[in-house]
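Each in structure tokens, the structures are laid out below.
What follows is a pair of complexes built around subunit A, which joins subunit B in one and subunit C in the other.
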Partner chain A sequence: MNSENSFKRPALLAAVLIVMIALPLIADATGYSALTSLATRILIYGIAAASLNLVLGYGGLVSFGHAAFFGIGGYVVGILYQHYSLEEPLFGFIPGTNQMLITLPVAILISGLAAAAIGALSLRTGGVQFIMITLAFAQMLFFLFVSLKTYGGDDGLIIRRTNELPGLNMRDKQTVYYVCLFITAVFFALLWRIVNSRFGNVLVGLRQSEKRMAAIGLPAYRYRLMAFIISGMGCGLAGALMANFLRFASPDMMHWTKSGELMVMVILGGVGTLFGPLIGAAVFIVLETTLAAWTENWQLALGFILLFVVLYTHGGVQALVSRLMGKR
Partner chain B sequence: MAQPILNVRGLVKRFGGLLATDHVDLTVQPGEIHALIGPNGAGKTTLISQLMGELKPNEGTVELAGQSLDALPTARRVGLGLARTFQITCLLPDYTVLDNIALAVQVRQGHSFRFWKNVRSDRSLRDEASTFLTGTGLEPRENELVANLSHGEQKQLELAIALATQPRLLLLDEPMAGLGHAESQQMIKTLRGLKNQVSMLLVEHDMDAVFALADRISVLVYGRVIASGSVDEIRQNPEVRTAYLGEGDELC
Partner chain C sequence: MTLFLEQLLNGVQFGVMLFLMAAGLTLIFGIMGVINLAHGSIYMIGAYAGTFVATQTGSFWLGIPAALAAAALAGVAIEFLVVRRLYGRDHLDQVLATFGLILIFNQAVTMLFGRQPLFVQMPSVLDGSVELLPGLSYPIYRLAIIVVGLLVAFGLYLLINRTRIGMLVRAGSTNREMVRALGVDVRLLYTLVFGLGALLAGLAGFMAGPILAVQIGMGEQILITTFVVVVIGGVGSIRGAFFASLILGIVDTGLRAYLPGLLRQVMVGPEADALGAGISSMGIYLLMAIVLLIRPKGLFIRNS
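== the complex of A and B ==
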């Protein structure tokens, strides 16, 4: 009953997928070529928000530092590119690269390791302390990268060219969009398996009652840590894609406001639902773009919308839509 | 005498100046129902929490079938065959009745670092979970969300989940509390039926239930065991009558 059944509406899912595949063509035909870039950002933030949602929504752990992993993913791409273009190995022995088939897995690995370290310490606490510790770690990393002058410090790292994929012209925005779309599809398919697996089952159980889970013999810590690591890896992947898309990595990617934005996306879309965060990312980015065109105080308007969503939708935009469509 | 399934020696728990558990010695023999009675605030639930490892005692040792549990966290104790029910029910409200039991079966089967197979179409879990529902009266409610269950049904489910961990010793924290007369009778019947499968430490206020079920009774007052013995010994014990049962009150 409580299981994630978005995939059980294959018709809706297929329709959305077809629209997304056709989107660049629609954008070209209607002359809104910026639409493709907008959609690419939505996909990337959707991955990041859905990753956060694994711990926040499914696991009930409010992490306020997930931008750290997003930023690490971005910096992995940026740093590897810098060493590639300067032709000097990192630490004297790790060669740089501009190959996406290498940079993405490395970004996922490094952000996973960072999540393991941060999670291992933060998960010894709970509640407000957990929120504060994750925030503190993210801010530590933020200031670390601000002070790293070798990698641009405050100004960040410019990546002159998007990473290469064999056989593809990655200088084309549409190609980048399709690469992101493919990765997003694979990512959500994996996430869908995970949240409905035995692992997902204990994770959701822990959110509902830690005491009950202990009483049936579950050691909570290791499962929460694993969820935190998977979640960090997902954010790292998103960060690496974002650095490729913007051709830029900066400390702003791991600023606490970015963690807040990811959280807002999750809440807007629907906490603890599979596609909610992706919908939330779409709503957030479309709102940001349209509201910012009207007023520079767009965050005020966003605040009111968030207030409405939290108070009246009972579970974000996803829940609102399903209720309007009478599917609940 | 056979080795006791539960052996508690010199257990002490202090909360600041309050001595919640005062050098408690307690044994439960295999196959027996040992009832623990005492007035409100005597420290019965605190004792159960220490046996489960949810609270850490200041002194003393707890052994399960000769194996020391002192250094083990709750999860490991459950793995060794200890299970409890909660006085104030503690269930997973967003899950169905069957989900709650299946999760206990899943945890017993081994680690849950399995990321691929859908847990709700896993027949080995669902079928085994169903077997723990038979005879509880919850079968027609197996797909009901726990949040929608009545109090009595939740108590039944507490017991079914505890049994799904296949315990050797069951710690029952007031299983009859809040139940109506018919529900209590049903619970007594269920517990009596379990007697040959599992040993029990029964904390209960309902004296009818205690006298109907218990092989031995221990009386806990202000964290101290003031008497321990057979049902008849406890009924006759003058100290117990003053401290707990109330002097001059007719029993049963």
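== the complex of A and C ==
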């Protein structure tokens, strides 16, 4: 597996990490202060795409509804903030909060619960039906939040200030970047452990042959559900971070095109690789930003690039690069 | 009672439109095993081409052949250039490649026609309404859509069940490999089916023009609903698509018509309207989830 090689190259990883840590300084020095915001978005989408990749790449389950969990994470932050600023408890007894140490775990918990419910039902189907039922659940949540006028409905929910972390000035964009970088690093370390554990191997085994796994006596459903829940929690975390970064949560976060974009990131970087989705997120966001600056019709170019990647690269940017460099 | 009948007819009309989309999609799904997200784009192309010709020439009727031709051409081109390479690939690849096509078509249409929605004038013959029952008058145009839809359904029934091509289509959706092994030119059959599906989508798109606005993104709205139809009816089953379209059309229209009113009895006006609209939009997805949980392959496919 590629994933094992990824950590056999610790030198490269360390170099990338150093660049990431130095990035805000580089941004300041060169005058491109927008670079820090761009990098923050890449990190956040990287977490979401890597989470999706756990079910999509390792598990072989094409979920077309992961934006739902991304949106739930965002709304947890938004709703808790609204109740905090209005000083009226949610359902009359849950106080709102603006503390990130509380909002992030709650976002992860709630999206995990949602993933458990949606996954438990969806995993009873397979193939095309699985794609469509995950899409259906995401659409239901999308329309639910559109209709919730209390929380902004169609317009979304403005979060006046980024959540607080004790001892840090979260109004500073660079601090937010470093917080996201830290969380991303911890997240990928955990994901690496999961992917290379027995659990990860069973998941890949199930993708390759469910029958053989059943013959060894492993219950496919339970393993897949677990993967789906972990993946939902990761997307929820990313959504919560995104709501903090944009100071905004809206139904657009769970629109079906967002699910599509997450899938695009995964496939751009390379399906079933540990860091592929992060690279994919970087490629996607840099492409989107530069193309949008260059021409109003950037979606046209993006569409053609997507077609090219799917039809001709067989394995995304990572595979393309290693093939061009003559490696196998 | 008349209100109920009117809503029922609206439901049937929406269902018939869905069927025109779903028939092509379910065939493409069932026979070629391809998930085609670009089916909504073909619907949009039909709507734009037809509306453009209709407004330029001033004749609604000239719009019809234009819409059909443009949609069929676009369909065959998509099949030839992109979808042909996706047979036998992962569902993931198919979803992403056709997602790319959506981006391309949406942007291309924006560049050609701008962001302003287009409107098309109804022909005077179809404008106005007719009294079906005492007290129940109904727009002629919507009735015409229902008639056209039912005629197409009947035509498809004949095509599938009474002709040689239909026989191959049925055989292909049961066992693709066997049809190929028997020496049928599967590629030609695929292009034909894809073109037919595109033709129907284009027809649906053009007919929707006078009722809904012709705009960017119109394809995606109906596309997702169509997928729900296809999955509920059972992938590859035209009969399933027909009944599922009607059921969904009626359920969706009914919820939208009655739910806000019911909610208003227990809630404040505007909030009830918003929540009612939201829940009615969720309705079809809820229905699909329930159907899939009871019959994972859809209503009209026997579980083996």
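Here is the rule we go by: the second predicted complex is superposed on the first by the 321 of 328 C-alpha atoms of A that agree within 3 Å, B and C clash if a C-alpha of one lies under 4 Å from a C-alpha of the other, contacts with A are read in each partner's own complex, and residues count from 1 in each chain.
Just so it is clear, contacts are C-beta pairs under 8 Å (C-beta built on N, C-alpha and C of every residue); 3 or more make two chains touch, one makes a residue touch a chain.
All values reported here derive from a predicted model rather than from experimental measurement.
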Fit or clash between subunit C and subunit B when superposed on subunit A: fit
Between subunit B and subunit C, more extensive residue contact with subunit A: C
Partner chain(s) touched by A:129 [first = subunit B, second = subunit C, both, neither]: second
Angular separation of subunit B and subunit C about subunit A, which is computed from CA centres of the superposed model and rounded to the nearest 10 °: 80
Subunit B versus subunit C as contact partner of A:166, first or second or both or neither: neither
First (subunit B), second (subunit C), both or neither touched by A:214: first
Which of subunit B and subunit C A:193 touches, first, second, both or neither: first
Which superposed partner A:121 touches (first subunit B, second subunit C, both, neither): second
Partner chain in contact with A:92 - subunit B first, subunit C second, else both or neither: neither
First (subunit B), second (subunit C), both or neither touched by A:31: neither
Superposition-derived minimum Cα distance between subunit C and subunit B (Å): 8
On subunit A, positions contacted by subunit B and by subunit C: none
Complex interface listing, subunit A residues touching subunit C: 56, 62, 64, 121, 124-129, 131-133, 135-137, 139-140, 143-144, 146-149, 153, 256-257, 260, 263-264, 267, 271, 297, 299-300, 302-307, 310-311
Residue ranges of subunit B in contact with subunit A within the complex: 52, 54, 73-76, 78-79, 83-84, 86, 90-96, 99, 103-104, 106-108, 112-120, 122, 143, 145, 161-162, 164-165
For the subunit C and subunit A complex, residues of the former touching the latter: 29, 35, 82, 85-86, 90-93, 95-97, 99-104, 106-108, 110-111, 220, 224, 227-228, 231, 235, 270-271, 274-279, 281-282, 285-286, 288-289, 292-293, 296-298
Subunit A to subunit B touching residues, read off their complex: 1-3, 193-194, 196-202, 204-205, 208-209, 211-220, 223, 226
